[in-house]
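I'd like to ask some things about the structure below.
A, B, C and D are the chain letters, set down in written order, and residue numbers restart from 1 in every chain.
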Amino acid sequence: MAMVCLSDFEAYAKKYLPKIAWDYFAAGADDCTTRDENILAYKRIRFRPRMLRDVSVMDIRTKILGSEISFPVGIAPTGFHQLAWPDGEKSTARAARAMNTCYIASTYSTCTLEEISAAAPGGLRWFQLYIHRNRAASQQLVRRAEASGFQGLVLTADLPYTGKRRDDVRNGFRLPPHMKVKNLERAFEVCKMSPLDASVTWNDIYWLRSLTRLPIIIKGILTREDAELAVRHGVQGIIVSNHGGRQLDEGPATIDALVEVVEAVRGRVEVYVDGGIRKGSDVLKALALGAKCVFIGRPALWGLAYKGEEGLQDVLRILQDEFRLSMALAG
Amino acid sequence: MAMVCLSDFEAYAKKYLPKIAWDYFAAGADDCTTRDENILAYKRIRFRPRMLRDVSVMDIRTKILGSEISFPVGIAPTGFHQLAWPDGEKSTARAARAMNTCYIASTYSTCTLEEISAAAPGGLRWFQLYIHRNRAASQQLVRRAEASGFQGLVLTADLPYTGKRRDDVRNGFRLPPHMKVKNLERAFEVCKMSPLDASVTWNDIYWLRSLTRLPIIIKGILTREDAELAVRHGVQGIIVSNHGGRQLDEGPATIDALVEVVEAVRGRVEVYVDGGIRKGSDVLKALALGAKCVFIGRPALWGLAYKGEEGLQDVLRILQDEFRLSMALAG
Amino acid sequence: MAMVCLSDFEAYAKKYLPKIAWDYFAAGADDCTTRDENILAYKRIRFRPRMLRDVSVMDIRTKILGSEISFPVGIAPTGFHQLAWPDGEKSTARAARAMNTCYIASTYSTCTLEEISAAAPGGLRWFQLYIHRNRAASQQLVRRAEASGFQGLVLTADLPYTGKRRDDVRNGFRLPPHMKVKNLERAFEVCKMSPLDASVTWNDIYWLRSLTRLPIIIKGILTREDAELAVRHGVQGIIVSNHGGRQLDEGPATIDALVEVVEAVRGRVEVYVDGGIRKGSDVLKALALGAKCVFIGRPALWGLAYKGEEGLQDVLRILQDEFRLSMALAG
Amino acid sequence: MAMVCLSDFEAYAKKYLPKIAWDYFAAGADDCTTRDENILAYKRIRFRPRMLRDVSVMDIRTKILGSEISFPVGIAPTGFHQLAWPDGEKSTARAARAMNTCYIASTYSTCTLEEISAAAPGGLRWFQLYIHRNRAASQQLVRRAEASGFQGLVLTADLPYTGKRRDDVRNGFRLPPHMKVKNLERAFEVCKMSPLDASVTWNDIYWLRSLTRLPIIIKGILTREDAELAVRHGVQGIIVSNHGGRQLDEGPATIDALVEVVEAVRGRVEVYVDGGIRKGSDVLKALALGAKCVFIGRPALWGLAYKGEEGLQDVLRILQDEFRLSMALAG
């Protein structure tokens, strides 16, 4: 089976992953409308291709928060990579480093952030975190991320409670016994998955800021109002995201929300977007609409499920090639 | 089979109810366009979710015409509950009381309103009525509703004649011999189902008002013009409704009509809506567009068909949980 | 099998007619886009239903060109009724008279207009004609229509050449040997079906006017410009029609074209519409948009195919009942 | 099997061509969105048909760059005709001459341009070319085209690199050993298919102009900005084209782009369009929107696949008949 485009990896993962793992990765909230809209919204955007421009040499490198990456596609935070591949997040870290791009490791990793760091020294990595009821736990994670060389903190803002993903409820989803949410093991028991603090507000950004010198990127912004608040509270970056359509269903597609966020931000901080990227031309659209870089979630998991580190590199390489070709053809 | 969302109850009811009963409950007029539009119109409405608000404590109680209910979802009037569950409307009344919400009992109940009342003393209930050619019959029903402790009268305005529901015609739908439209037994024979007065006009509201001290809620309003007339004729509440798409086909979806009705009413009376509510987020959308409370029709029948009183409570509890979660996630 | 709505007759006809006959009646030009649009366009129109109006007594009679019909649905000209029922147009004429409505007999009938006339003396009938290259033939038909008591002449304007109906080409459609286009037998041989004059222009209306005292109704108008020309050339009525989508594909649906024609005509002549009427509510929509009356084409043929005269009466009666009910429910 | 419309030829070709050849001809870039949009966009355009105009005599001839063709449909450049029919481009040339229309021979022909020319002396032909890294190769092709009697040069502007056609990648598409890209054999080895120069800019038009007295037509323009540039750089004609949706996916449909190009050009040069033409009415739409002539790509290949020269004539004849009929019926 030739792996020609990202859908091929999706088909592979659907076929070979255990149903409970596939369902967990694929899940969207409620009717999965937003999950699917993320993709459909890209299809509604049309290029105006220009001709006869010199496209013999193109530079697709970019910088995010000052660090160069080889092309504007990073890896979004997703949980439980061992469900996709035995080495889990360690493979992810290696693939990201090999492709010279940024990997945002999730709090809900099945490896510790120290293990992730050790697996691919020198790679560009950010750490994704929530604010827990037990603030000491959050503080401890920040310290560990700093100590392990992570270069940014991504605060997820859209998960005061976990969204309702019907298939996970039906499957009674839980990690197999031999996997652990290792980052939280020391701090507390996390089977329930939500010792998160639903009372978090914008002021808690100041608290987080007080703990660290790392840049803070906020993830989950979908409106101009919240974008303005994010800038005013001093974040360094915004990821326009709806959590892959896994939280509130029937909100906007991220590529649609990107437009208003970029407009509100007026260049004061960097804006990124995740959700629905399936082709190199999607990346080009996101950049044309003002994103500095995009992040992929599920496609990275499909790559892992295919061949671990190598499969994820395949996914990234396909996106890179498609992106470069789209740029050339669009002039 | 896990009952995770309302569609699960629908699937159950479709599988286990006798076809003639399922068809009767599911029926829409003509091509069922409006019945289906009621649902589709909700899907077209998008949230603008806000982040980082303190959603650790939320109060989802509300008041309708001065009575508190535990969350803004009541039970719309639908007929013939014994087709769904042996105890019929008595089970409905008990479930509504257990969940502390409002139940609008239909004239076309298979229990008398006295039986309904006795089944769940103290529950908040309104009584739905038509104006019959035989006005004495209507008057008698009003007296009985008052005497049985019903706290509101819901006048159905959209049924001068019964809509054309093709499957019911094909099935030759009629109640099985052991069920009766008990509320009307004393007054007249109702096999034909329409001794209703097609000559009723707005002035008859005054006649109804003269019979009772109970608040009058008018059900079936879909335009700003009729909303204005309703307010001017002194009703206390309006239910935006198209009878579940069972009367005139190809009118507006109720959630679309709600907007113009709310605008026309300008807060002078309470406005409710029924039709198409299938998820907690639908409730949130209706409230965001100005409804004080929503009412569910078919989903209540699916709950009954599943496990009677208990099944209906399941349905209401799912809606309540989903509604609370949507509120939290939408900020 | 209960015949509840017009689709039931369609299903019956599709099942029991010879394929070649079904295909001929069902055919649309090219991709059948316009044929199907005629129906879809009705579905896009929404009612704004009004409540609490006295609908106990409703008068659905109307007058077209001064003649009363029992309800605003007539029978559009379609060819070759013997393909649907042995008695052909004689049955059509009887059904129309029984229901007290207008029947427009086609030039391409399988009975002569004298036979049609004799079959149902006293019925309201118009005669549809083309202008033939052989003008004497046309003139002769006008004389015969007058002599046989037809009360209007319907000039078809949209068939300078026959549209391309793929299935008819594939089937090599032609009348079975025992059927004849009897109206034209005396004048000339018509196997080729198109000795029509493609050079006809508006001025030929004057020529037609000079031949007869009967009112002239022009059929096939779809634009305001042509509506204005029709009025200026002295016709008494306009049928907005696209020949059931059998001529030019991808023109407008008739119900959409009706709006601009009615606006252009400003009441100077009566405007009718055919194409896509499948329910009583479609009739109501057409009237609400300015049509004086609608005409049905294929549904009449389905009725004939079902049970001849009786089947067509069934079709008309269903439309009548549905129309009356829609009026009542829409207020 | 009756060949009634172009879809019949498509079905035939799909059935009888080797999969690898069918896939190559059918391929679109990425998700094939633009390939399909080319067709769908025509369906969204509606006629406003006018009646009672004298359509007994119609002249459908036209002139492109001064040469008369029998009707406004030419043959767009497509590669590798021997994949469809043994005689390849020689058959194409003969069919075009027989129908008295223009054939644009592709650089990627499986016959040399001299062979094409010799196969149908006197036919109107243009030659399509790219600008190669090896400019001498391009220059040589221009000379040969002139010498062989081609009357125009069509410069393809939208292929700095080949688009990503997934099926071709999966199939490992390459020409069978016995076929050659004969035009390029003398100049260089072309298995890689892209010794094209991606650094070409508008200024290279001047270079091309310096080589030849033939008119230059630029193919692949989709925006008003590029149309203006094309005119300013002295081309004689513009073909609005997206390479059949085989290059950049999710650009505009050509019939949509035509409108803005025609507006920008304001009659200064001739504008043509290709992509999505499947019926005679599509031709009429393109002309109504300002195209001087249209070109067909895949339908020509289907015709070849059906019966070579004869099959392609069938395709052209059907389009001609449909075009004439559409003109008559649209008035």
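By our rule, a contact is a pair of C-beta atoms (placed from the backbone, for glycine too) under 8 Å apart; a residue touches a chain by one contact, two chains touch by 3 or more.
Treat the numbers as computed from the prediction; the structure is a model and nothing was measured.
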Both-way neighbours, i.e. chains that touch chain C and touch chain A: B, D
Fraction-based call for chain C against chain B, same above half, different below: different
Inter-copy rotation, chain A to chain B, in degrees (Cα atoms; steps of 5): 90
Interchain centroid distance [CA atoms averaged], chain A/chain D, Å: 43
Whole-Å gap between the CA centroids of chain B and chain D: 61
Two or more partner chains touched - positions in chain A: none
All chain pairs that touch each other: A-B, A-D, B-C, C-D
Residues of chain A touching chain D in the complex: 2, 4-5, 43, 45-57, 279, 281, 321-322, 325-326, 328-330
For the chain A and chain B complex, residues of the former touching the latter: 30-31, 33, 157-158, 160-161, 163-164, 166, 169-170, 197-202, 204-205, 218, 220-223, 225-226, 229, 242, 247-252
